[in-house]
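There are two complexes below, and they share chain A, which is joined by chain B in the first and by chain C in the second.
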Partner chain A sequence: MSLTNFLAGTAAGTTRRRMPIAAIVAGAVLLVLLITALFPGLLTSTDPLATATSESRQPPSLAHPFGTDTLGRDMFSRVVYGARLSLSFGITATLVAVLAGIVIGLLAGLAPRWVDNIVMRVLEIALAFPELLVALVVIALLGPGTVNVIIAITIAAVPVYARIVRVTTLQVKGSSFVEAATALGQRRALVILRHVLPNVLGPLLVLATVGIGTAIISGAGLSFLGLGPVSPTPEWGLLLSDGRSSLGTAWWIAVFPGIAITVTVIATTVFGRFLQRRFEGRRS
Partner chain B sequence: MVWGAATLSFLVLHLVPGDPVDIMLGVQSTATEATKDRMHHELGLDRPLILQYLDYLGRVVRLDFGTSYRLQRPVVDVIGSQLMPTLQLAGLAILIAVLIAVIIAVLSRGPLARSIASLLELITISSPTFWTGLLLLSIFSFQLHWFPVAGGRGFGALVLPAVTLALPVAGILSQVLRHDLEVVGEQPFVDSARARGLGHFQLLTRHSLRHASLPVVTLTAYVVGNLLGGAVIVEQLFGRAGLGRVTLEAISNRDLPVVMALVIFAAVIFVVINLVVDALTPLLDPRMRSRA
Partner chain C sequence: MSGELLSVRGLSISFDGVEVVHGIDLGLAAGECLALVGESGSGKTVTSRAMLGQIPRPGLVSAAELVVDGVDARDLGERDWQRLRGSRVGLVSQDALVSLDPLRTIGREISEVLEVHAGRERGRLSRAELGRAVHDELVHVAVPRPELRARQYAHELSGGLRQRALVASATIAKPRLLIADEPTTALDLTVQAQVLELLARLKGEGTGVLLISHDLAVVARIADRVAVMRSGEIVEAGRTEAVLAAPKHEYTRALLAATPSLHRKGERLSALPPLRLGRGEPVDRDRVVLSATGIRQSFRQPDGSRLTAVDDVSLELKAGRTLGIVGESGSGKTTLGRVLLGLQRPDGGEVLLDGAPWSALPERDRRRRRGGIQAVYQDPLSSFDPRVKVGAILREALALSGVPGAERRGRAVELAGRVGLAEELLGRSPLALSGGQRQRVAIARALARSPRVLICDEPVSALDVSIQAQVLDLFADVQQQLGLAMVFISHDLGVVHHVSDEVLVMKDGVVVERGAADSLFTAPQHPYTQALLSAVPTPGASS
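Showing the complex of A and B:
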């Protein structure tokens, strides 16, 4: 079982009424984050790598809204530039995992029983472990590094998506419109593409939105542990880890990257739940 | 499932490029090819894969996970010696999480309280543990000096890590518990209990909570998994010894026997927990007894 399932699944009924406004805000936050990640230069003109030892550990001020770190680097621009790597951890890993999940899930759902059984056994084992542990094991095998972190989060996330695609495929496979399409003589591959896949995409989209948040946490967590990118690359998890050593004297170094991660994850979760409600509303 | 995890980790281990001998020797080694070949032979790495696999399974059954590449100590010792700190940490964390979840679930009556509760849950679940941990450290250790900063022994050093570990779990538990309490609230037995003159609090403690706790109990495996994963980060963050530390060090050093043993260890834990949960459910829910 995974955090992704949880964020998407539970407490669906509890926040129903407030949702639209929250969803708009969440959507806006996500949009801003995306722009930040694509064009960090729009928000700050300061170089995130420029050091100024005379200005080290400055508290937040007008010149440095998030303060400066031990080497006098502007934390605001480091957080802004960090968005690119942190978000791409989440987005890349989720995209690849969803694609792999679609392929594995469709194959498992449509393949002969024994193939399905083997695939599901492997997935169940992977699903029993929390995503972070799976990712850690992958890192253990591949070694640390930015690309390996993305690979690790991707592999850890695939089972969740593969499972939901398989379940939906099995449901759709037995439905009358697929039967009708097959009876009309459409080729098997075409039936899958036209009739099975579109039905799978809805629940997948919901899970994937929330999954991006989970993947961002995992990615930042791995870099926090020192298994991902190395200093001085701006990345939220790494920034947090750097801030740890000067927590007593300069709280802002660790606090702002953390806020960035949390806000991002909250926004994806809220938006994902909104999509889920839209989706369920259409179905029932 | 344990067998599956063992097999999977064996296969992956042997599919991965990289020679364990190179890892043991370290990067700067100047060992000759002959020395390497001798080490291969000693480790049995030159035998057919299927023999290695059977041999490996046999040793796993006897709890012999081999020797750590880096520490040159039996893996069982390495894990065993670090088990207690993590157990204490996880135990206290579960206690705190359940306590927080129950308090939130019980207190959240009325739309306003419910909104606040769901906002709190959203925040705790979305905040990465390494950030909440740093915040707690910053506030309670550096500003208020209530707790030791890092390391240290005794109960005081355990509180902040446990709270850090507990918060996301509490958020999840409270979400589920609140949802269940709402569902339970619509059951006819609640009306009948009210009719007998039970107050809100008595109703909760005697009937509803027990009812609502069922789905929460089935979450135990998930929660424990979460704690194990979280322990890696929290132990690193607070500079504590424990299994999480061992995991991280084994991963950083690519000490694969230790990693494999940890995977199998985790699988065993999940199996045991699922068995215990299956055994516990009938105790909580009399309806399950007749069926069993």
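Showing the complex of A and C:
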């Protein structure tokens, strides 16, 4: 299957559907963001931490496309360098949460009913609170800091993934092909590894793509509240918080990090939804 | 051909420039039943939909003549069709559960048709009038306790009642033409007989019935005339008795030949030559390979009560023999199959494999011996992991039999060849295979473990007759050459009679009769077996 066919959601030889322009744009944006996070030096040569009091609060210009902040630091460079931390909040937290979700969900789905019941009640209690609130409680217990923010978002996101893994596990566990593998004499661990897990992963990865966006917002939110990294580290939430007080006089300090967050979240969501549609189309 | 209700000449239907139906001539008079017979993909359903104006885009219909109940239907718009559907042409489709709206009561569902059409002609009907009409129609289609049924939802009704409710919704506006598309396919034998009887009665009352079916035996029961379709064309048409007794076209002959009940037991059903599977070790046909004593299995129902699915069933299977298990849905035959396979631990009783404990073992110990007993299921597709290719399916089974990694690829090709699968199919997903090919893959997978016992649960129910014939022949080859013992579970008495040496008849979890296949089918003792046998439609025995 060629890439265009894959994107258009069709197998080779069948009638072509409309190309998903939104998904392609979103994918391109994500690619640029990823490059930005990995090699910020490619996009800007200015040091994000270099202060220049003489150039304080400059509006956007050719020299400073996003303007400068109160200490005269180049906002463009700060937003570019901020991508790494902000994205890694989202990606690391989601990755760890997905892994934990797989373990917990599989255990709950395959374990005796009483274990399943206990795990599910705990997860349901966690799910009853908004993710950000759970994260705040975790921060309150662990104290602020970059690593703790990641831990907090991870813990807050686990229940969602664990639940979906459990439900798909139960579905797959009851399906005829798992029974057929058992009847064939396959070992239980291998049945799970070869037949249950891969079939659980599909829907989960789709959900995780959308989840990265949410996790980025949570991370930026916690930083905004001053619970994550501290100044002068460039991080979008923190930048937003720094610029908040001068929104009336120097709008660019807050607006550009805000746009960065918004664009990232929209791009992940659009791309995630696209994957979801592709995936569901393939299953039916 | 012309007829009072339906007169079609030169009907062709094409999709995207590809003709799927070509040059169809049909005619139907009042009080007559015409059957369109063919296997899946023959174009019989799409032909019938042209008479309802329900050809989906981008389908194109062209005909020299297409007259439906006196109306020239060639250039009707959607609004004209709406007026015709329900009031002059009724449709009964195969699956009543999906055809009836799950969120509405049966009464609402049936009355809607009347509301739409009567409303158009005579103004709105009152609630009471509608209720009375629904009640009368339910009585008409022989639904017991119509007041209760009208208030129930589709899922609360049994398959037979549901199908009758669907017939009622098709007939309430008194159409003169009724199109019945596989109306009995999903039903149990005894229920199927009742629905056919209902259709025959409607026919007797003057309704013209266009019956679409893959099953010649069903057709023989009520159709006056038959048209056999293949690849979008009618290959043979004529009076039912004439066509069944002396088929002129080779395809009709092949279809009839594939029907097990028209053959002597054990005769080959398909034209395919026997496959060479290689000789298994000679078997002692008196040795018991699988036995079960006093198997009891019950399930907890949602309301807390327990449903006994299998009640005190004992059986014995000897090497190289076939034991048939017959029963309608809910008789417990599938549960029994699962218990025999060791997938379900029975509440009571014990299963022995090769004389050694089987059902009582913990799964860990049972796993080592699973190679000796394998299964083939009704729906092979769902028994394969959807992500895995055919080759990998076979290699997994070979790996479990201890075939070293380097040899698996070659052995998989060999195995596929033995069951008549071409090598290039190994690279395909099971999704891309036909029903018959999928079942061959399932059989190959089972054979990969060199079993001594094969449990087959409805292995041919989802297949067309000609494919069914090939698969049944394959089972026969497998058994004769490899000396396998088989448990063959099916609702189809013709098939069970054909393959089995011995037969158990199950009803509500209990074995009501058992015996050698020939004596049981020729001289059934139990009233239930007698009822089942009398409900079997056989081609050639027209009403």
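The rule we apply is simple: the second predicted complex is superposed on the first by the 265 of 284 C-alpha atoms of A that agree within 3 Å, B and C clash if a C-alpha of one lies under 4 Å from a C-alpha of the other, contacts with A are read in each partner's own complex, and residues count from 1 in each chain.
In this section, contacts are C-beta pairs under 8 Å (C-beta built on N, C-alpha and C of every residue); 3 or more make two chains touch, one makes a residue touch a chain.
In this text the structure is predicted, and so the values were computed from the model without any measurement.
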Overlay on chain A: chain C relative to chain B, clash or fit: fit
Which of chain B and chain C A:Ala140 touches, first, second, both or neither: first
Touching partner for A:Thr262 - first (chain B), second (chain C), both, neither: first
Touch count on chain A, higher of chain B and chain C: B
First (chain B), second (chain C), both or neither touched by A:Asn199: second
First, second, both or neither for A:Leu240, with chain B first and chain C second: first
Touching partner for A:Val230 - first (chain B), second (chain C), both, neither: neither
Touching partner for A:Leu34 - first (chain B), second (chain C), both, neither: neither
Superposition-derived minimum Cα distance between chain C and chain B (Å): 10
Residues on chain A lying within both footprints (that of chain B and that of chain C): none
Residues of chain A that touch chain B when the two form their complex: 1, 3, 6-7, 10-11, 13-15, 18, 121-122, 124-125, 128-133, 136-137, 139-144, 213, 217, 220-221, 224-227, 237, 240-241, 243-244, 247-248, 251, 254-255, 257-258, 261-262, 265-266, 269-270
Residues of chain A touching chain C in the complex: 175-177, 179-188, 194-195, 198-199, 283
Chain C residues touching chain A - in the complex, by the definition given at the top: 341-343, 363, 367-368, 370-371, 374-375, 377, 379, 382-387, 396-397, 400, 445, 449
Residues of chain B defined as touching chain A within the complex: 1, 4-5, 8-9, 12-13, 16, 114-115, 118, 121-123, 125-131, 134-135, 137-138, 142, 149, 172, 175-176, 178-179, 182, 221-222, 225-226, 228-230, 232-233, 236-237, 247-248, 250-252, 254, 256, 259, 263, 266-267, 270
